[in-house]
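Only one structure is covered here, and it is reproduced in the block below.
Labels A, B, C and D are assigned to the chains in the order they are written; within every chain, residues are numbered from 1.
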Amino acid sequence: MRFFSDNAASVHPKVLDSLAAANAPDTAYDGDALSARLNTAFSDVFETEVEALWVATGTAANCLALAAMCPAHQGVICHREAHIEQDEAGAPGFYTGGAKLMLLDGAGAKLSPDAVEAHCAAIRDDVHQVQPAAVSITNASEYGMVYRPDEVANLSEVCKARGLGLHMDGARFANAVATLGCSPADITWKAGVDALSFGFVKNGGMSAEALIFFDKTLAADTHYRRKRAGHLQSKGRFLAAQLLAMLEDDLWLDNARAANAGAQLIAAAAGNRLMYPVEANEIFIKLSADEAAQLRGLGFDFYDWGEGQARLVTSWNHSAADVRPLAEAIAAL
Amino acid sequence: MRFFSDNAASVHPKVLDSLAAANAPDTAYDGDALSARLNTAFSDVFETEVEALWVATGTAANCLALAAMCPAHQGVICHREAHIEQDEAGAPGFYTGGAKLMLLDGAGAKLSPDAVEAHCAAIRDDVHQVQPAAVSITNASEYGMVYRPDEVANLSEVCKARGLGLHMDGARFANAVATLGCSPADITWKAGVDALSFGFVKNGGMSAEALIFFDKTLAADTHYRRKRAGHLQSKGRFLAAQLLAMLEDDLWLDNARAANAGAQLIAAAAGNRLMYPVEANEIFIKLSADEAAQLRGLGFDFYDWGEGQARLVTSWNHSAADVRPLAEAIAAL
Amino acid sequence: MRFFSDNAASVHPKVLDSLAAANAPDTAYDGDALSARLNTAFSDVFETEVEALWVATGTAANCLALAAMCPAHQGVICHREAHIEQDEAGAPGFYTGGAKLMLLDGAGAKLSPDAVEAHCAAIRDDVHQVQPAAVSITNASEYGMVYRPDEVANLSEVCKARGLGLHMDGARFANAVATLGCSPADITWKAGVDALSFGFVKNGGMSAEALIFFDKTLAADTHYRRKRAGHLQSKGRFLAAQLLAMLEDDLWLDNARAANAGAQLIAAAAGNRLMYPVEANEIFIKLSADEAAQLRGLGFDFYDWGEGQARLVTSWNHSAADVRPLAEAIAAL
Amino acid sequence: MRFFSDNAASVHPKVLDSLAAANAPDTAYDGDALSARLNTAFSDVFETEVEALWVATGTAANCLALAAMCPAHQGVICHREAHIEQDEAGAPGFYTGGAKLMLLDGAGAKLSPDAVEAHCAAIRDDVHQVQPAAVSITNASEYGMVYRPDEVANLSEVCKARGLGLHMDGARFANAVATLGCSPADITWKAGVDALSFGFVKNGGMSAEALIFFDKTLAADTHYRRKRAGHLQSKGRFLAAQLLAMLEDDLWLDNARAANAGAQLIAAAAGNRLMYPVEANEIFIKLSADEAAQLRGLGFDFYDWGEGQARLVTSWNHSAADVRPLAEAIAAL
């Protein structure tokens, strides 16, 4: 059983079905009937008027958001282990025209308001130093921890005082919301988020993510940038279809709850092996090379995560029955 | 019946089926079993060893090819009406870091070797003027005409003498090959093409195009640039599946032949209304506003193409029975 | 005697003197006392409050202005023979992050309001086509012709209606003002110009040009962009000194008048050899290869300008006695 | 007396004289007789054939060097406190098209071979992570320490093994060479340096720095990039003149020795206030706010350098008589 990553899991049948249902000619690009429904559908989810654009990848969603917030000569504050810094091949530099990522530390790959404020305060207000334009946080974080609404609001307060935009990389936003039990609005615009990369591919989607603008003034140019980046697919209706299928009857939340539940099973078994609280669907544990080999010998696949550590990721399609053997094997180590 | 554009047509059932068949967990990005088959599959098609990368759009394929051939401080020669100049929102400037498109004229949106040579000869060999690095041609062209192998070879001769790379935008490559009746090899690497954007989306695909490198030294950095542009999808197997489905039993050629056949029906009916020879699946005709209204009144949809002109595009899913009423209506005008 | 180009002429003694006078330690970059005087000095010249930045080259001035007006995904309308298109090695693409230059025709390298409006009207208002953000004109033009205040005002009207910024490349602004006999204000902000590259190097300066913002909201980010482009010299006082020396007692106008007067001498002698009216310090004449050789045999240096044509440029340091022999030689051909 | 920075000091009289001497018309840009002598003059200094380009600023020199070594999708390893990271407003991101600076720690702002190797080893060899292309070191470093030839050679060994270019930011190269007492060759190409930003402006120059390519294959495209960045001045002979004046009779070394001698006077007086060994012309000392005020009350100007610290910089034009009062005042604190 694979616990490598949720981004390689299978696609939810309803998503696949939505593709077949969308397979009639319609206007190209985002001029079709399904794409036309996105703004309304996501506005319903967020209880406010948003602008929603489909894109094929989280990297595209993140970087289009950053390009909307940060001119080429400024910078984006993020965690040193943020996905945009570690795993996107320099895409933020490409999309922004060379803006700088400003790397901060913080437990569990989370930024604190104090760290952001201290970083800003240390930058001289002169033309020799790159000035920050935005902050990007990941929720759930790269170590599977969540920001709570008040934490985001506190960060937003610093952002507003400093004139910075606030972006949330929500590759696992569904998992965060499922854990928090709050409304999507509470953890985003009500807490001061300007733009959200709302991930679906790790949560049962195939090839569609949503870029959500709460600050709609950021959206207009983004339509041009999406096209300019080669991300305006001509049969865009097949991306819209996936997103609508995921929103219908809160499938996105059901999927996230399933993945989170699996993670909790493992967390309970892992006990003090846990390196971080398990608040989404990623579990980081201490695991010796021998122990890792033992688990792999039992048919469980996962990534090593540095020396003596491992990362396990549960997916929407992992049932309790799928996960329990791994949990038991860990408990038995 | 819609004759707007092949890029909004429905997806071929075998392509849709391939998605369902691919729906089991596999390694993410392009580490899966299907993606691993692409190089071999396309090498078979082209009868030489090629490197093939999937991307979601023709714009991404074109611009990744250009970025591989042209540094930021040089230029790409193309036709004034080339898709990369007219319809990609400045994407070449984005991907290359600001390289210049150098626009030439030519009948039917085709470049001639003489025009390319004359353009190069007129550029002073000093640092004040942007020097060309590549030539990009579209086959079939933006006006539905094809380059024959000898025409491409003649262009390539100029390119080689001038040290320029040669890119072919093959958004409708299938239609061109179907018309030419030559082998894919004849019209590409054997005629000196270094990289090809091999289009599938306009030909019954959903969201996968192939970027083919005949000059494999251009491919290595492109893998990084694809990721950096946000085009490395995590469930890449669904793009590979589409491409493999299209190659199987030459479905791509069957689809193109169907679209081309429809175009020939219309061409025959249009007679001297034709503005260009019909050599692929696009038909450009003289059509007054009244005549256009008349056709639309009969239920035919298409684009006006400037004053007194119209563009009709046939698709893989247009049967003769679908097209004949339009042909007859045009003949009856 | 050299009539190649004013940009290789000697430096006016007062400019050299100003360097020696500035040679005491002062605050680095533009924090010195001389740089601090620039805004006031240029505001006096233009009879309105402007923001003035020194840079070393006209290319830097032009491209910083364009970067302030045009985001990476838009375009700048200019003449096909504009210096920014022909002779700056693609610098606008670099500074803007890949924006497109949109090339128009027009007699004497001048743009007409109708041509600009027609170009804008032909661009579809959709994300596939690059939208214009600014217009750049050169005064005096690349063929030595001037825009009059009403011509600029008419262009500005189109710009305002279309939401476009208006930039004036004034590499030979002094020559234009000297010819027009108008105030610097009349031909710039009063006619709707937002930013001006005010050239001094071709007019007796050594290494300092002024970038003038009439729309001061464009200036703030430009300070960062100037630094980011490596154009914020640490001993900036030596650039400020040059500019102040040129402004003192209207040295810039005296120099331009001298160059223009020389051009008129030649123009009078050239008669119907002239290809364009001579309105600044450049003279374009029909000249056969034999005739060119004859003039060169007499010791006159100049550039051929295509087949059967030549360009002659007079400089601030050409006296009537310097120019008369050339004029007589041309008359005698 | 100012001890702010050497980059605001006065210009050496011989440099000023060279400007007057160069003030006759010559070919524009770098086609003049003085510019033509640069390659030979610097090849003599370095005892090998180099290619030398003048530019106006160290930022331009550094970033043109980096752009020659690092494609947009890769990265440059440097110290966390490197000038290119801290004080160039993101210029490396601009010139490279968005490449990443990879920041390492190290005493005295110096990089160790081990740190570079460890950084490279930690980067996964996959397309998700930015791969390094070059290393940039500063000699003398930002904390006034020098790399010795064997230190550079050891770094170069790592670079060669990893396929990385090696750039030396020599804003204070003269001070380093004066301290080391080695030949310029020993500390550069003989130790594996591919390109050097050879600074003159901090050392008595006015507005000319030299970019030296030991790996001459890197130089060709740089000529285009220099123009494209607006750094090809039309009266380039005035930059060449400055550089030649500085090289004549080793004026550059004399100036550096004078500045270094002043620094040693202060260092001796500062005793255990010193935060770093003084190996060039910068002195970093512990200094309380009260003490700083006391020194300023005596007429000495300098920068605070964080809490309880100060930076003092001596210049070529500081005589022992100029510096001694400061030294004595520090000793008397």
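Methods note: a residue touches a chain if its C-beta (ideal position, glycine included) is under 8 Å from a C-beta of that chain, and two chains touch if they have at least 3 such contacts.
The structure presented is a predicted model; accordingly, all values stated were derived computationally and were not measured.
Listing every chain that touches subunit B and subunit C alike gives A, D.
Ranking B-D and A-B by contacting C-beta pairs places A-B first.
With chains reduced to the mean position of their C-alpha atoms, the one farthest from subunit A is C.
Averaging Cα coordinates per chain places subunit B and subunit D 50 Å apart.
Distance from the subunit A centre to the subunit D centre is 42 Å, each centre being the mean of its Cα atoms.
The geometric centre of subunit A is 34 Å away from that of subunit B, both derived from CA atoms.
Of all residues in subunit B, those that touch two or more other chains are 72-74, 88-90, 94, 97-98, 127-128, 224, 227-228, 232.
Residue ranges of subunit D in contact with subunit B, taken from their complex: 29, 71-74, 97-98, 127-128, 131, 221, 223-228, 232.
On the subunit D side of its complex with subunit A, the touching residues are 72-75, 86-90, 93-94, 96-101, 127-130.
On subunit D, the positions that touch subunit C within their shared complex are 2, 4-5, 7-11, 16, 19-20, 23-28, 32, 55-57, 59-61, 63, 88-91, 94-95, 201-202, 206-207, 224, 227-235, 238-239, 315, 317.
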